[in-house]
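Several structures are given next for inspection.
In what follows, chain A forms one complex with chain B and a second complex with chain C.
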Partner chain A sequence: MSIDAILTQLLMGLTVGVNLVLVATGLTLVFGMMGVINFAHSALFMLGAYAGLVVSTRLGSFWLALLVAPIALGLVGAAIERGLLRPLRVRFPDSHLLPLLLTFGLGLFFEGAAKVVWGADIVSLDKPAALAGAVTLGRITFPAYWLFALVAAAVLAVLVWLVVERTPLGLSIRAATQDPTMAAVLGVNVRRLTTIVFALGSGLAAAAGVILGTMTSLSPQMGGGIVLDAFIAIVIGGLGSFTGAIVGSLLLGQVQSFGVALFPAFHTPLVFLVMAVVLVLRPSGLFGGGARR
Partner chain B sequence: MNRRHFLKSTATAALGAAMAPAAVRAEEPIKIGVLLPFSKAFAVLGENTFAGFTLGTKEIGGEIAGRKYTIVKEDDTADPSVGVSKLRKLIDKDEVDVIVGTIHSGVAAAIRNPIVDAKKLWLNPIATNDVLAEQGCSRYHFRFSSSGWQASAPTATWAKAKLGDRAYICAFNFAFGQQTAAHFKKAFEGAGGQVVGESFPPFGTTNFAPYFPAIRDSKPQVIFANFAGADAVAFVKQFADFGLASSVKIVAPSNLVSEDVLAAQGQAAVGIYSNSYYTPSYDIPKNKWFVKACKEQVGKDADHFLCAGYDVAQALFGALRETKGDVANKERLIQVLEPMKIDSPRGRLRWDPKNHNPILDIHMRIVQANPLHHTVVDMLKDVAHPDTGTCKL
Partner chain C sequence: MSRRLPIALAALALLAAPFGVGRLYSAYYLNLATWILIFALFAAALDLALGYGGLVSFGHAGFFGVGAYAAALSLRHLSTSLWPALLLGILAAAALAALVGRFAVHSRGVYLAMLTFAFAQLFYEIAIKWVAVTGGSDGLPGGSRPRIGAGALVLDLADKRHMYWVVLLVVAGGFLAARRIVNSPFGRGLVAIRESEARAAAIGIDVDRHKRLALVMSGGLSGLAGVLFAIHQNFVSPELLYFALSGEVVIIAVLGGIGTLYGALVGAVIAVGIKEILSTWTDNWLVFLGALYVVCVMCFPQGLVRLAERGARTT
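And now, the complex of A and B:
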């Protein structure tokens, strides 16, 4: 492997990793607050990409798509939490199974609905003309759009990190994801936070849907693969931990990128091997609390 | 088939039955089992193939030789284990007479034995698995597309002569990808070229970028790329994004740049060479009619999936007409099909009597822009799957 190849492989892994952070954030924060894996997350990612497609074809601007889709899906996320999940959790406060089944059903519903609305045809979200072509970074050439995808997702991830780690709102979110009951006793409005976190997670997944949608193609099932990756990333990082989601995602991006280059016949199981090793050494993940339910 | 058409065809069929002689009316309808991927990554390919078949049934109407027919659709999801259980359901529960399917080579291999054991006529529109023309061939099986060898080996010889001496191979890591890769390699090296590297990404890969540094380092002039569906879109777009397309020519089986993915690939697909048995711009009267009929009657742009699906219907209904709707006597149906020459949109379709694989005129095409389309640059005449001596019909 040449130096150029190693550097390119590193950048590719980073591009995938930071976008994975956007997807993993919602998954891990929602899990922290509700104790439930949101199975509709892949559908929210997919709907984000399609919302981006609608905006960019109607209004002819990728940038508007990147702005509108996350906001729209943030609202969808908030509506799901307020309109469906909350009433269910109020009626059955002890059940983790029912919210899980609800999100699972919602995911199937959204996939089916997308197939009805947009068809099963493979469609593509066009990247902005300004980001066509490649840029030269020292010794290597890298596609301008991929570089944008890296920077945009990184900026978003840093913003979210600042909010979560450096603001009073973030303090409440961290408290509520670690122990919602105790946080509520101490006067944190956990209900309001749950809505905010669900909306934030949905919006970030939608942003990733738009950013990654241009690199691949859009289909109703497009979210499955990346959300599985995001799930592996948060298991590695520790379910419910935001820092864990970031570290897990970046690690997974590199494992996938270098796995392909170094162990071509073994890179798919390699990801699961890494997860297994982490779980053996630290059963609650790299940044897991250990005391979590 | 949409609901209106279903109602219409059922109504005509019922009317036909009312006027038919009592003996025929008493007969059960002919049951046609369609096993294709209607969901997951190959959904569009399955739907297009079925649209082509539907176009054929529209030509026929609701009955053939005085007998009604019904179509039972099952979704194999391009997964061999799902395919086998859906096939069992078609054979055991629905008791179909004929199987039309499928697309994924792995599913085709998995359903081969159950179909042959049940002695059902098997019309295979797309699946290219070579085994079906060699040790796994069967007198019950007729293929309408090409074998993996036909989709790759002639391309290798052509690419060595026209494009360069150094080739890289990048293909799906299941039967179709691995078989075509092996054929390409053998034929390319046989023609004096050198294969400088290989990689086999898994089915469903969305990020091909990690494979590219190795390709760039090995400095090929040609890359043989075999992907389909969403994978093909991702590969072609990313290959262009990373600037590889300017120095490495892509040659491929038709599925890499077939009409179901071409629009989504956009400009990134321009300049890609592909091998196909069908090209929508092919200038013969039957094809001009076909392209128009696809658009008007089933709302699709013609492609090789629709062509194969349509030819399946032509062959099936042609044979049933010949046997006066007798679907029980499979030997007679096979005897009728074997020498049949079908007036296909691709030209004439006929089978190799040695293995029931089609003898093809292969179109070598290049993708051109504005609007995106394939132009035939070379025609390789009468290409048959090589006789390995392993097929006993």
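And now, the complex of A and C:
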């Protein structure tokens, strides 16, 4: 590969990587606090994209869609946590299986509902005219929308990072993801925090849904692939670790980008191979806290 | 005696079911019964790991699908006989389970669920990408279905009634094997591990070995169910490896009640039946299925068999 090609792949990998961060953040924080992998996460991503489609066709503004869809899905996420997950956890605090099944059922429900409302066919979300075409960055040419996707997701990711790492709220979140019981004993309102984290994660997934949905296309099953990648990223990074989610996502973005370029037929097994190698060397992931669960 | 009689009658009724086709009901219902039996075996196989070993697997479709593909490939390239397909399906699934077990056995709860999920998803991707062998996302159509037996007693699996009998016998054998495993000292050890790993280890049970073996047996039986599926449908596709199926079989097991084995049969009747009814009644069955799963988890999370047992005790 030439230097230019390598730079292009690097940049594309970074674009995928920062968007993966948005999706992975919700997965890993919810896992850390509740011990649950949210199987409805891909549906929230998908619903975010469709919500964006509705806003941008009704109101004619992509930018408004990017603002409204995450807020709407954040509220949906909060409602799911309050209305369904919490009652289940109160009754069966030790079960990992029941919340997993609940979110699985919810995911199917949302996928089916999207088929009913928007049809099973692929639809596209138009990119704003300002972001059409390509831009030249030094030696390489890069699609303008890709650059926007990179910058927008990176800004959001940095904002979330600042909130989680640099604010009192973030301190509580980190404490509660590492040990919910101890955090509660020390006076953190873990119940309220769980709702906030679930809403935040859903909103971020929706934002990624709008950004990536515009880049590719929309279908009721569109969330499956990216959430699987995000899941692998957080397994690599260490389930429940926020730093791990970021590092894992960025790493996976590069593996995907170069994997597609170098081994087009086998890039997906390559991703799993990376995960297997990491898990064999470090069973709880790169930043995993050890054998708490 | 009082317990034997109903079981014997039920067995007789199940064996006689094909004779009612055309007289009491159409072949469609016999076909549906065959599907239910196959999924009951699959769910019972999962129950072995989940309900008895406490191994939360979210990737059992991997074992089922690998069994199905192994059978389809054996029938296609090796021999049109049923036996090598059956054997290869079980062996391939058990070998995969042994591999997964090596990696996953140290992890617990959700970690195990995620690792099994990832392995199954890996095979799903391989089935889609390795077009030359698996036919890619189009799947592999089967040829003529195998025939077994000789002379006057030949079962031709292209005949729906013969297929039903073979499935019934294999599934019954699978259930008996599972019950034998559960009631063996090994099975007791497995339950001890499920209840408390530390205590089980303290009284000298080899925890890792028990878990690995449980996963291998569960995987092998799932593979067997996959073989039956491949022959009955005469077609295999990557959906058999997809995580939606892993979730479905967990739902079937939980619906019936985990840790009961025969709960799998109850769960399969309800889940497969409802799915079938929904899909003939509306194109949007996915919405209702998802809502139904949510309602099941929220309203009777301990399964119908346990619910019935509790009801029987209170009245």
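Everything below uses one rule, namely that the second predicted complex is superposed on the first by the 291 of 293 C-alpha atoms of A that agree within 3 Å, B and C clash if a C-alpha of one lies under 4 Å from a C-alpha of the other, contacts with A are read in each partner's own complex, and residues count from 1 in each chain.
In this section, contacts are C-beta pairs under 8 Å (C-beta built on N, C-alpha and C of every residue); 3 or more make two chains touch, one makes a residue touch a chain.
On a predicted model such as this, the values are computed, not experimentally measured, just so you know.
A.B. asks: On chain A, do chain B and chain C fit together or clash when superposed?
C.D. replies: clash
A.B. asks: Per the contact definition in the header, classify A:Ser219: touching chain B only (first), chain C only (second), both, or neither.
C.D. replies: In the superposed model, A:Ser219 contacts chain B only, not chain C.
A.B. asks: Answer with first, second, both or neither: which of chain B and chain C does A:Leu137 touch in the superposed model?
C.D. replies: neither
A.B. asks: In the superposed arrangement, does A:Thr268 touch chain B (first), chain C (second), both or neither?
C.D. replies: In the superposition, A:Thr268 contacts both chain B and chain C.
A.B. asks: When the two structures are overlaid on chain A, which partner does A:Val36 contact: first (chain B), second (chain C), both, or neither?
C.D. replies: Second partner only.
A.B. asks: Contact-wise, after the overlay, does A:Leu169 reach chain B, chain C, both or neither (first, second, both, neither)?
C.D. replies: neither
A.B. asks: Now for A:Val116: first (chain B), second (chain C), both, or neither, which partner does it touch?
C.D. replies: Once the two structures are laid over each other on A, A:Val116 reaches chain C alone.
A.B. asks: Should A:Leu59 be classified as contacting the first partner (chain B), the second (chain C), both, or neither?
C.D. replies: Once the two structures are laid over each other on A, A:Leu59 reaches no partner at all.
A.B. asks: A:Val155 contacts which: chain B (first), chain C (second), both, neither?
C.D. replies: In the superposition, A:Val155 touches no partner, neither chain B nor chain C.
A.B. asks: So chain A touches chain B in one structure and chain C in the other; where do those two contact lists coincide?
C.D. replies: After superposing on chain A, chain A residues 265, 268 contact both chain B and chain C.
A.B. asks: Write out the stretch or stretches of chain B touching chain A in their complex.
C.D. replies: 39-41, 43-44, 47, 199-202, 204, 206-207, 209-214, 216-217, 229-230, 233-234, 237-238, 241-243, 260-261, 263-266
A.B. asks: For a test of understanding, state which residues of chain A touch chain C in their complex under the given definition.
C.D. replies: Answer in residue numbers: 31, 35-37, 39, 84, 87-88, 91-92, 95-98, 100-102, 104-113, 115-116, 228, 231-232, 235, 239, 265-266, 268-269, 272, 275-276, 279-280, 283, 293.
A.B. asks: Where on chain C does chain A make contact in their complex?
C.D. replies: Residues in contact with chain A: 50, 56, 58, 103, 106-111, 113-115, 118, 121-122, 125-126, 129, 244, 247, 250-251, 254, 284-294, 296-298, 301.
A.B. asks: Tell me, which parts of chain A touch chain B in their complex?
C.D. replies: Interface residues on the chain A side: 1-2, 4-6, 8-9, 12-13, 15-16, 120-124, 126, 133-134, 141-143, 145-146, 212, 215-217, 219, 221-222, 225-226, 256-261, 264-265, 268.
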